[in-house]
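After this come two complexes, each holding subunit A, first together with subunit B and then together with subunit C.
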Partner chain A sequence: MTEFFEVGELSKAYPGVQANDRVSFSMDAGEIHALLGENGSGKSTLVKMIYGIVRPDSGRMTLLGQPHAPANPSVARSRGIAMVFQHFSLFNALTVAENIALGMHRPPRARRLDDQIRATGSNYGLPLNPNARVGDLSVGERQRVEIIRCLLQDPKLLIMDEPTSVLTPQETGILFATLRKLASEGTAILYISHKLEEIRDLCNNATILRAGRVVATCSPQEKSARELAEMMVGSSFSAPERPNSAFGEPLLEVRGISLRPGPTFGTPLKEVSFTVKRGEILGIAGIAGNGQDELVSTLSGEASVDSGDILVSGASLGRTSLESRRRLGLLVAPEERIGHAAAAEMNLVENAFLTGADRMELARFGIANWRKARKFAEAIIEKFDVRTTGAASYAGSLSGGNLQKFVIGREILQDPLVLVVNQPTWGVDAAAAAAIRQALLDLAASGSAVVAVSQDLDELIEISSSIAVLNNGSLSQPRPVANYTRDELGILMGGTHDIRLTAEESNDSA
Partner chain B sequence: MDLSSINPLLLIATMIAASMPIFFAAIGELVAEKSGVLNLGVEGMMIIGAVCGFVAAVETGSPIAGVFAAMLAGAALSLLFGLLTQLLHANQVATGLALTLFGLGLSALIGQSYAGIKPPSFPQIGFGTLSELPVIGALLFGYDALVYASAVLVVAVWWFLGRSRGGLALRAVGENQDAAHALGYRVVAIRMGAIVFGGACAGVGGAYLSLLRVPQWTEGATAGAGWIALALVVFSSWKPFRVVLGAFLFGGVTLLQLNLQAVGAEINPVYLSMAPYLVTIVALAAISGTGRGAHLGAPGSLGKPFHASG
Partner chain C sequence: MIRLERRRRQSRAWALATPVLAVCATVATGMVMFALLGKDPVEAIRTIFWAPLFDPNLASYARPQILVKAAPLVLIAIGLSLGFRANIWNIGAEGQYIMGAIAGGATALALYPLDAWWIFPLMITAGIAGGVAWAMVPALLKIRFNANEILVSLMLVYVAEQLLASVSIGLLRNPDGIGFPGSRNLQHYESAANSELITGTGIHTGVIAAIAVALMVHALLRLHRLGFQIRLAGLSARSAAHSGANPKRLTAICLAAGGGLAGLAGIFELAGPAGQLTIDFNVGYGFTAIIVAFLGRLNPLGIVLAGLLMALTYIGGEMAQFMLNLPAAAIQAFQGMLLFFLLSMDFLSRFRIAFGTARIN
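Now for the complex of A and B:
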């Protein structure tokens, strides 16, 4: 019997790295197949080869018994392969219908396309307005655009690259209902995710990659999430432990701060108030674009508030500069690793100097002490297990997870009174994420106050003492983690974003 | 001061003629920028068009041949820009500035022996008795062929960008080059096309200047019109019909100030000559600064270098 889709001995090398080394796996029609692996294990290279963005060095693929060697994505699309990208391949200034037409092999006329979008949308519980501009949509709605773009081409094989990393639990439920329905109609789905519990819930089979090779194939339902993680990493690692400690005096008090929206799609902050005590980790949950960046930049001092006040150890910050906030002990690790937290074209010593100059006394009378800065950078690299060829490497040459460890480590080693981190483990593999979470817990245990802004609910539940939810610029009252159910959090995060659930689908997602 | 000597009908007609050079240059640059390419060499391409059009018209005796020569010359210069920025990944801003300087220098060299010569005059389109009609005759039927061509061009560009599949691909490339590449669009090829179109339009704009507007060749004849065209694209929020509006405004104020100078208005002529630049920029800044999402016109990948990876 010929398999529905088969990958045989596929290899691809980039200069200096064997991205895929004789990778083989196969899928049946209607199968949901997970592709697991850490960052840099070769998952994206593999799917890029299937989708025709990258050409393999050797090996073969067969789809429905026919050889499959797409020269470019349009060939792959015409053969029934569709892909939803991790970083959405959408055009913000264009409408939903225009975005969908761009990804289609032979798009119909505008009027008919609008009808098709509405019809497919209601069929799969993914309503969309074809004439809305994509830049105005929520993240969940944007993903719907990508999915409908794929569905309209009637795909035989659908590739999904980390589709749930930005969704609320409710949106994830709807997505899974859609995927199960598709699979039951015979579409094969190749599903990439870091979220092991989701994979156990959704997928029939899993192929696990490590360093470009297939290390295991298994049925994820039969394994625990921990076993899966250990297969990915190749060794056992410990989940973060939360030390029990009583909280001390308030270190960071935010009193009713408001911020008017800026020129580019800014979300206004509305009377945001919270207090973080010594030893406490406050998790701020919420979907991206609900005011996280605005909140973090008012704390860092990049934006000055219109009203309200921020106090560190009881002292009002007012309009104090970024540098003096750092001197007071309020440190911030922003979300964007490259371009905001670190400069890609500068080496790690220079990057360490950029935020550490004052607190680590890396400069005297305005003259940089590079020897001291190098020692500081090396300390970060050693203490936080940053995998790099040395302190002289450029920040841009590090993988996402390693740079994130460096960025967080750089702030933690400066012994902050208050540390604010935004999306600390976004796009970071399981082992590095666990290390970062542990470091935040240790920091709090050593007597700092931590504010962790994250979209990843599991992460916040794991590390936070209490959680508040940011939704459209308003912050809910922080409550201890134990007092929430996941559904409550999801609803606070903006719930279902006006998706009308049919009874059947809500059963599926429950 | 005798304002009655300014004939409003004649003013409108000449205003349209005065706006043509920057209109052509701006509509071409608009298409290039929509595809994500910032070509600061508009001034250079215009003046190369002006001199080549002039030389070709004088040598062949045919102004139409001049316009085509200008188109080719502008396109050739923009092709150079395209090769440098798209294939060799040179910096767009620096290359564009260099292109302007290069164009100004080369045009001076080419035009050296053509100063003071009168080019063959441009044929009027005969509308017969229609142009004899009072008011309407002068307003609608009294122009040269290029004015009518410009009207067709703006509608064509608007239709292409907003309604056609090719235009959608072009906008997509300008909006998010990586996504367009991932979907299988040929970013560099689309951009090269847009750059060359921009160059050809700038060339025509230049030829309009040297063959029709002021029918003679003088060194530096464009006098910054290319820069105004560049500003026009930004302030019109990358919308074709707003480019027309801005070009008319610029042409209108240019003429008005010339007329005011001619009738001896008691305003320092220095201020009057500044007026067209100031009024155009202020008016367009006011338009583009109001209304929600007005800033969204800027293509997301404008001026970013593109390297196909993987």
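Now for the complex of A and C:
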């Protein structure tokens, strides 16, 4: 019997980098196949060749025994390949049905399309109201739009690129049920992710890529997450260790801060209170857009609160400037690496100066000491293993993971009393993420207080002593990690809302 | 298929090459325009670019004039460039230039005919203060009400022009001027005159000031924290805020720098080449300086070169007007082309022209 889908010796080179080097793997019908690899390992290039966005230099692909060499995505789609991208391509102002019709070759009439959307949705447990405006949907629901758009083409091979990076555990559960049902009906699914536990849970087989080559093909259930990670990175790395120590005095106290929404900040903060003690890491969980940016900005001093107060070591901050907060020891690493934490078109010396000028005494009477700033940048690069050609490199030339190590390292080396990090490992490869988490744990162990705001629950469970959940601008009472179940966290993160919606929609369509 | 691809970062080679290319393209299109006007294009370009510098009969007059014209352009353009770098768009330097001249001139006229060494420095201070005060209007409105500084600063140019007209026929009119509009001529008031430092060279205090300001601003941008924050604000406002820059303060500083230097240029011009406040005292330096700032790539040293080039086209253009009978509008169109080509060529430093089909990586 011929293989359902086969990739043979596929190679693709870009100037200066061999993105794919004789990559081969095969899939059966109904198989859920994981594509695993660090950022830059060649996953995206491989998938883009399958989907017809990029043409291979050499090698071949066969789909159902026929040669598969799509000249563009629409050819790939007509042959039964569909892809759900990590970044959605939806128009917020249009309805679900309109968005789906836009992506179709010959869309059916509106009434029929609505029926198809409802039918496919209820069939696969993805209820959607075709007339809802996409702008009003949650991230999980938007992903459903993308998936249903794919399913309406009746795909033979469905490619999913990092689908769960934006989902709550409940939404992830719904997605997995859908994917399993699809697979049981014979659709092959190529599943790209860096979340190893998920892959072990969902996938039948895994192809592991490193530096453009296949380093292993295995059954992920038979390997531990750690073994998979080590194959992916090519070396063993230590999972972060959490020291077991009692906490000291409170270093950061947030007392009932509120922030009205404005042009810059869309979500209001409602009476947010918490305390972080010396040596403690408080994790703040929540889906993006629930007030994370607003909370972090009020802590950094970039936004001033309408009411409430923030205290560092017992001293009230009031409306003090960002610079004086830094001098007090309250440091912040914001979420956006480029354009907030760092400037792409400045080199690493200048970017080190960006937040380090005061505490590292890189300027006297306003005159920058660039030699000292260079030493500081080089220290960050060395201590945090930032892979770059040197301190003179532009921040924009670094990979996401390396720049994030630089950004976090820049704050940690300033010896903060309190460090606030927003999405510390967002879009960062596994090795860099592990290094960053370990650095945060070490920082807490050395006597600082850390606030980690993250969408990644696994991450928070791994590093935090206690977790609170931010939902629509309100923060739940922080509780020790051990006192939660994953489901509870998911429900707090906004899962309740989703489940209710799901039930209503199911009734509608029934 | 031809496509545009965004460059990962700005190409340094292109950043240096674009002003040169823009000048070449301006010369080429200018020649076509002059030919269409029935003039000898080679002769026209020669008169604009070559005669003022090297023609044995004209150079001795033209060369000093180039410095006289370049000094205010450079001073104003450097002030504006600080704002433009930080995305603060002061378009009203012309008004700030007028207000600097009025404030400095009024100071001198109030003290006439006192003879003291401190009069000239006092005038300069008043000139700067006048420009800063005028620029603070858009600054405060932007800070307080988020009003668009482009519109406010531009509108204030017309207010300043009306004020200039008013004082030159009213408050500051020369009492000995037998009813003619215009103030006393400051060139004839020794303590207030901004005269040539070396006879026959065109070098007056304003020329020295322009060079000094260029060097100081260059150092500010390279070495000082404020300069760093201005550069950072232009690249990313959020990064600048994260580094501790107060955006309101930055707005005030950048507009003040633009206004102050425009005011400085105004008082140097009034006390020197112009001599007296008249209704037509201003000749558009404040607007031309915007072109100069961009032609110099918002870099203080580049602006010095750009100011000299622009002054050359002014002087050469004047010569072409009276020697070849070219209409003044043609010269203005020629200068406009320079900005047009510069901005369009600037695109090449940020985008790459690619041939063939899209490649996504």
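The rule is short, and it goes like this: the second predicted complex is superposed on the first by the 492 of 510 C-alpha atoms of A that agree within 3 Å, B and C clash if a C-alpha of one lies under 4 Å from a C-alpha of the other, contacts with A are read in each partner's own complex, and residues count from 1 in each chain.
We adopt the following convention: contacts are C-beta pairs under 8 Å (C-beta built on N, C-alpha and C of every residue); 3 or more make two chains touch, one makes a residue touch a chain.
This is a predicted model, so every value here is computed, not measured.
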Which of subunit B and subunit C A:366 touches, first, second, both or neither: second
Subunit B versus subunit C as contact partner of A:54, first or second or both or neither: both
Between subunit B and subunit C, more extensive residue contact with subunit A: C
Which superposed partner A:357 touches (first subunit B, second subunit C, both, neither): second
Contacts of A:394 with subunit B and subunit C, given as first, second, both or neither: second
Partner chain in contact with A:67 - subunit B first, subunit C second, else both or neither: neither
Overlap of the subunit B and subunit C footprints on subunit A, listed as residue numbers: 45, 48, 53-54
Complex interface listing, subunit A residues touching subunit C: 14, 19, 45, 48, 53-54, 300, 302, 321-323, 326, 332, 334, 336, 338-346, 350, 353-355, 357-358, 363, 366-368, 370, 394, 396-397
Subunit C residues touching subunit A - in the complex, by the definition given at the top: 8-10, 223-226, 228, 231-232, 235-236, 238-239, 241-244, 246, 359-361
Contact set on subunit B toward subunit A in their complex: 165, 168-169, 171-172, 175-176, 178-180, 182-185, 295-297, 299-300, 310
Interface residues, subunit A side, partner subunit B - complex: 45, 48, 52-54, 72-74, 77, 85, 88-94, 98, 101-103, 107, 135, 263-264
